[in-house]
Amino acid sequence: MEPLDIDLDEGELELPADPMHLNMGPSHPAMHGTVRIVLELSGETIVKADVQVGYLHRGFEKMCERGTWAQVFPYVDRLNYVSPMLNNVGYALAVEKLCGIAVPERCQWYRMALGELARISDHLTCNGAMAMELGAFTPFLWFVKAREMVWDILEEETGARLTHSFGRIGGMANPPTADFKAMCGMAVGKILGLVEEGEKMLLKNRIFIDRLQNVGPISGAEAVSLGWTGPCLRSTGIAYDIRKAHPYLKYDEVDFDVPVGTRGDTLDRFLCRLGEIRQSKRIIEQCIERMPDEGPINSDDPRVVLPGKTDVYTTIEGTIQHFKLIMEGAKVPAGEVYSYTEGGNGELGYYLVSDGSGTPYRVRIRPPCFQITGGLHRLIEGRMLADIVPTFGALNMIGGECDH
Amino acid sequence: MSQLVLDKLKARFGAAILATHSDFGDDTALVEPAQWKAISTFLREDPDLDFDLPVDLCGVDYPSRGAAGRTEVVMHLYSIGKKHRIRLKARVGDEDMDGAELESVTSIWPGMNWLERETWDMSGVRFVGHPDLRRILMYPEFEGHALQKTYPADRIQPLVPYRTEEEAGVPLEKQAPFGPDEGMAFGRTANNISRAEVD
Amino acid sequence: MTLSQFVWTIVKILIMAGFVLNLAAILTWADRRQSSMIQDRIGPNRAVIKVFGKEFRLAGLLHPAADGLKFFTKEDFMPPKADKLLFMLAPIIAMGMVFTLVTTVPFGDTVCMHEFLPRFPNIFVGPAVPRWGSCSADVKSGYFPIDLMVAPLGVGILFVFAMSGQGIIGAAIAGWSSDNKFSLMGALRAASQMVSYEVTLGMSLIGAMMIYGTVRLDDMVRWQSDHAWGIFVQPLAFFLFFTAAVAENKRIPFDLPEAESELVSGYFTEYAGMKFGMFYFAEYAEVVTGSMLLVTMFLGGWALPFFHRDGLTIAFGGVTLVHLLIPHFWMTLLGVLTFFGKVIVICWVQVFVRWTLPRFRYDQLMKLGWRVLLPASLANILVTGVVWLVLDEAGPEVADALRLAADLTQALVVVVLSYLVFKLLRGWFAPFKHERTLLGSSAEQAGKLGGTKSTAMQA
Amino acid sequence: MGDVNRTLALDASEQGYATTRVDALLGWARKYSLFAYPFVTACCGMEFMALTSPRFDLARFGAEAPRFSPRQSDLLWVVGTISQRQAPVLKRIYEQMMAPKYVLAFGTCASSGGFYDNYTTVAGIDKIIPTDVYIPGCPPRPEAVMDGLMLLQDRIARNERRPGIVKPRFDPVQAASGLVQLRRSAKDPSEVLPAIQQEEAKTKALREGGS
């Protein structure tokens, strides 16, 4: 019989001490359906996190090589589907840079106004969704209500609520509608009202602040070396905003500030986005004030811009030009170009390679949130399981953009 | 854009800089693949250059080039303090992508980690010294590299077996939006390889 | 136990169980409707029932009925590696404990049968019973007092503590037996949360027990009816108890065991069909029982201000303004209705909390429990004890002043209640203001055409 | 995992009145208690958010309660593109759901793969799992989704599992502008005609009065 007094020091009582592996996602409610995180947990603390993306890889770059230059616009819409207009404008600017054409002034103001509306919608969605994932459902719905107002304007202008496909090489698909300025003027005030209401509800709430403050902090230098841009980088105190650093369109002529954070934690990211909504409102107000009511919206370069319908139906030149542009696509001069704009999440770059034909040889998008997501594991390792939710939410990972 | 960056590069590395241009205001340097990491280190550490933001890394496939470096790896860098950019290119690999290798620069910019994984996944360029070179956008079972021009755009490699029509009870075959020769610009053949041609 | 006692017990069980079940079901509806009210939506209202060709929507009240029916017919599931017995047992425990808990909660004052039985048809006009003193118990002839609680236990509140502590066992073994990591983490969280907040729950009541001088729940209500409501004598304990009760109910902001964005569904992730339905339902039933305890301990139970066992007595200190005797039947009915009314109001308040607050993180929850709530409740006990001792020794002047203060709190309750009722009515009858924020032309056009039209589905 | 619905449908037609009534009751309950599992991947997710928003309010149909555990949900919303990498996950989620379960393909990508005709996209979720209702649109407008949901509810109530597609509804504005309307109706044309004329007159009056 076994002796009753086992010496506990020598008797090797080995309990399994392996860390628990937990698989979060891709269809996990907080993972936006497209990210999988394989976690090594010790209790509730994350020891190691392996972030896996690619669940929404839709072959954007391959698809672009199959159509004409203009046929890329619908795909571009679906990259960052929270602010498609910014992607539209960014791609149009890239091709225009390659073609060496400039769009009329009215179009530039118009693009800015639409882009900033899209930016508001982007930040509203991000902040609202993060609040919802933390359990505060009501502010999310208020933000979505405000977003509906943005979408109303965009729908009125472009005909689509979300995927506008409104950009064109050398202009926009349509001139602004007669009510555009009035609608913008009315909407931005109301949106800000709703935002303030939601802000009051969240930022005066101690639980909410506690959940965000000092969660997922990152230093400026580290964020830069990870390739972060946009609100996530600015939350660390580095005021790198392409609209200020390398102004495109008319951003050098409008007056706006760049909100920056100090600590680079989740609360700073949240506040940066709220600050940018306010700045976007300022930009929109200046745009609608300075946008001329008359004037062409498209460039008059016949190599890339479709002729008017009257010309197409009445003149042989117009018909041929239309046919060539539609069937063969605009012949973009051979070369390579990298064009960058400030997207909703940061530097939205397009690297285009043309071989002189009507089809892009290579369209490379530089999605801001790909690299931001690449730094996610640094933020969550060593923290608690529950911290993944606000940290990941505030990074604003957009599946379509991140996974190309 | 100032020529400062390119001048400094040429002065420092000389023959390793194969070509430069500044089309559309983008400073570009085509460099010797063997010097890839050395040049990157220089760009990061030289106080006048100070490229601290890893912007982008991608591969562009040129099957027509033959043995002379089929895939062009393109890296974009930016300096937040100095506000200048550079595009660095290197040509690697032969027709069959043999020897398509570059030294990893992840140790210089941690942000290059995922970008190098993506370039490996999509273009098939190996990065020597990368800590964790796995596929990132595609699944591990995927064969080939999707963004090579020789990969047919519509060649699927399903992970789960599709249902048969008997199981479904409804016709499953749908009209594809594009046929093999539809929706394309004229006059391009290299891009338009479809599954039908390969099979 | 005589037959009549047995019958009365059955009746009491039916009343209590019926109330908890129905209110829990209605709460699932109220939860959804109220959230939509806060969020400027409409909420579920489509479940329609056709009676003689007429459609009744009942403001969406039928949605919970549809939910229940669906749960019954949904396929059941048992994870292959699960511990079969515990997996089956968990929802039963979770649900069962909630119902055991309510057995000691009094929902009305003691009924004196000897007031009713002799003058049977005329019970509506019979005389009032004396304010103090008990009814004579003559069990043989059926003249015995009936405590309006299912089990008139002498240990009252201790039983409540014991049972509310068991509730978590359901959650814990559900998570353990499910063979799912998310469930397991949910169970761990549930257990630790329960342990932490159970302490506060108990401690916060000790002060109240010292003042009431009893552990019987009905005696506590009687004390409050005679003096002042618990919320006035133990304001801190009220908030501590309320917080701890919400935490025990596992509702936002304390819903960590089932935090949807972190743990999918927490400890009941693997449950399907009616077993899930039981968990779902038990959560709302817990809200009801928590509210019942809160009402009994701190909000005067069945008592209304100035209403006593014998009728209405408005007195301030020694001065009696109104003294009105009311028949025993009406007082009993009033008491029962008051209790259930109060419970409904507290449930309603709890639902409001849910939709606006974000949830805590695990360590923050523990910090709040151990570093804030527990010391506060201990301090509360200490202060209560000292003050009680001092006041007890102070002499008759202080006792009179306290008497007056207690009566004033009763008056305060009347004033506040009247104001709230007035506001409610005014809001109810105020004209409805529509604000339209249509911007786009398509919406405008649709508006001009009279909104969306009902046309036959063409699919 | 037995297919409860199919059996019930057979019973209803063969066993007469009582079963039919029970069936109808069950259909009614399932119809108004659709706990949703939102399998949200892509762009359509934005419209899915809008759908829960105050303006459209999916909650009215009793279909708002999201359950993120597939065991407890009845309706699988497949919102967005399903890539080959995501396909096993979707299939697994579907298999984890408990009967009766319904699948709603939200948007063109989920229905047919959309314009992502390439190496990585599954050309429609029905290649992998059975689908009850397809809602076209890229992304569909919330109104169309609600149409789809009502179509699904209708099918649940009638215990029918044939796939359905949301088609455009009769548009009063178009009718008034004199466009040719193709109608397919089981009713006698003479029965329907006055109703159509009446509708046209009404919309005409509205348009004239409105503009």
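By letter and in written order, the chains are A, B, C and D; residue numbering begins at 1 in each of them.
Simple rule for what comes next: a residue touches a chain if its C-beta (ideal position, glycine included) is under 8 Å from a C-beta of that chain, and two chains touch if they have at least 3 such contacts.
Only a predicted model underlies this, so the values are computations on that prediction, with no experimental measurement involved.
Distance from per-chain Cα centroids to the pooled protein Cα centroid is smallest for A. One finds 30 Å separating the Cα centroids of chain A and chain D. Chain geometry summary: the mean Cα position of chain A and that of chain C are 46 Å apart. Chain A and chain B, compared by their mean Cα positions, are separated by 23 Å. Averaging Cα coordinates per chain places chain C and chain D 39 Å apart.
Counting only residues that touch two or more partner chains, chain B has 138-139, 146, 151, 153, 178.
Within chain C, the positions touching two or more other chains are listed as 39-41, 260, 264. Listed for chain A are residues 28-29, 54, 57, 59, 62-63, 141, 145, each touching two or more other chains. Every pair of chains that touch is listed here: A-B, A-C, A-D, B-D, C-D.
By the touch criterion stated above, chain D contacts chain C in their complex at residues 1-2, 4, 25-26, 28-33, 54, 57, 59-62, 64-69, 71-72, 74, 98-100, 143, 147, 150-151, 154, 164-170, 172-173, 203, 206-207, 210.
By the touch rule above, chain A contacts chain B in their complex via residues 52-54, 57, 59, 61-63, 65-68, 71, 97-98, 100, 221-222, 224-229, 238, 240, 245-246, 327-329, 335-338, 340, 347, 349, 351, 353, 357-359, 361-362, 364, 366, 370-371, 373-375, 403-404.
Only residues 20, 22, 28-30, 44, 131, 133-139, 141-142, 145, 149, 152-153, 155-156, 179, 183, 186-187, 190, 201-202, 205, 207-208, 210-211, 384-389 of chain A touch chain C when the two sit together in their complex.
Every residue of chain C that touches chain A in the complex is listed here, in rising order: 35, 38-41, 181-182, 185, 252-253, 255-256, 259-262, 264, 355-364, 437-443. Interface residues of chain D, counted against chain A in their complex, comprise 39-43, 45-47, 49-50, 52-55, 66, 68, 79-81, 83, 85-86, 89-90, 93, 115-121, 138-139, 141.
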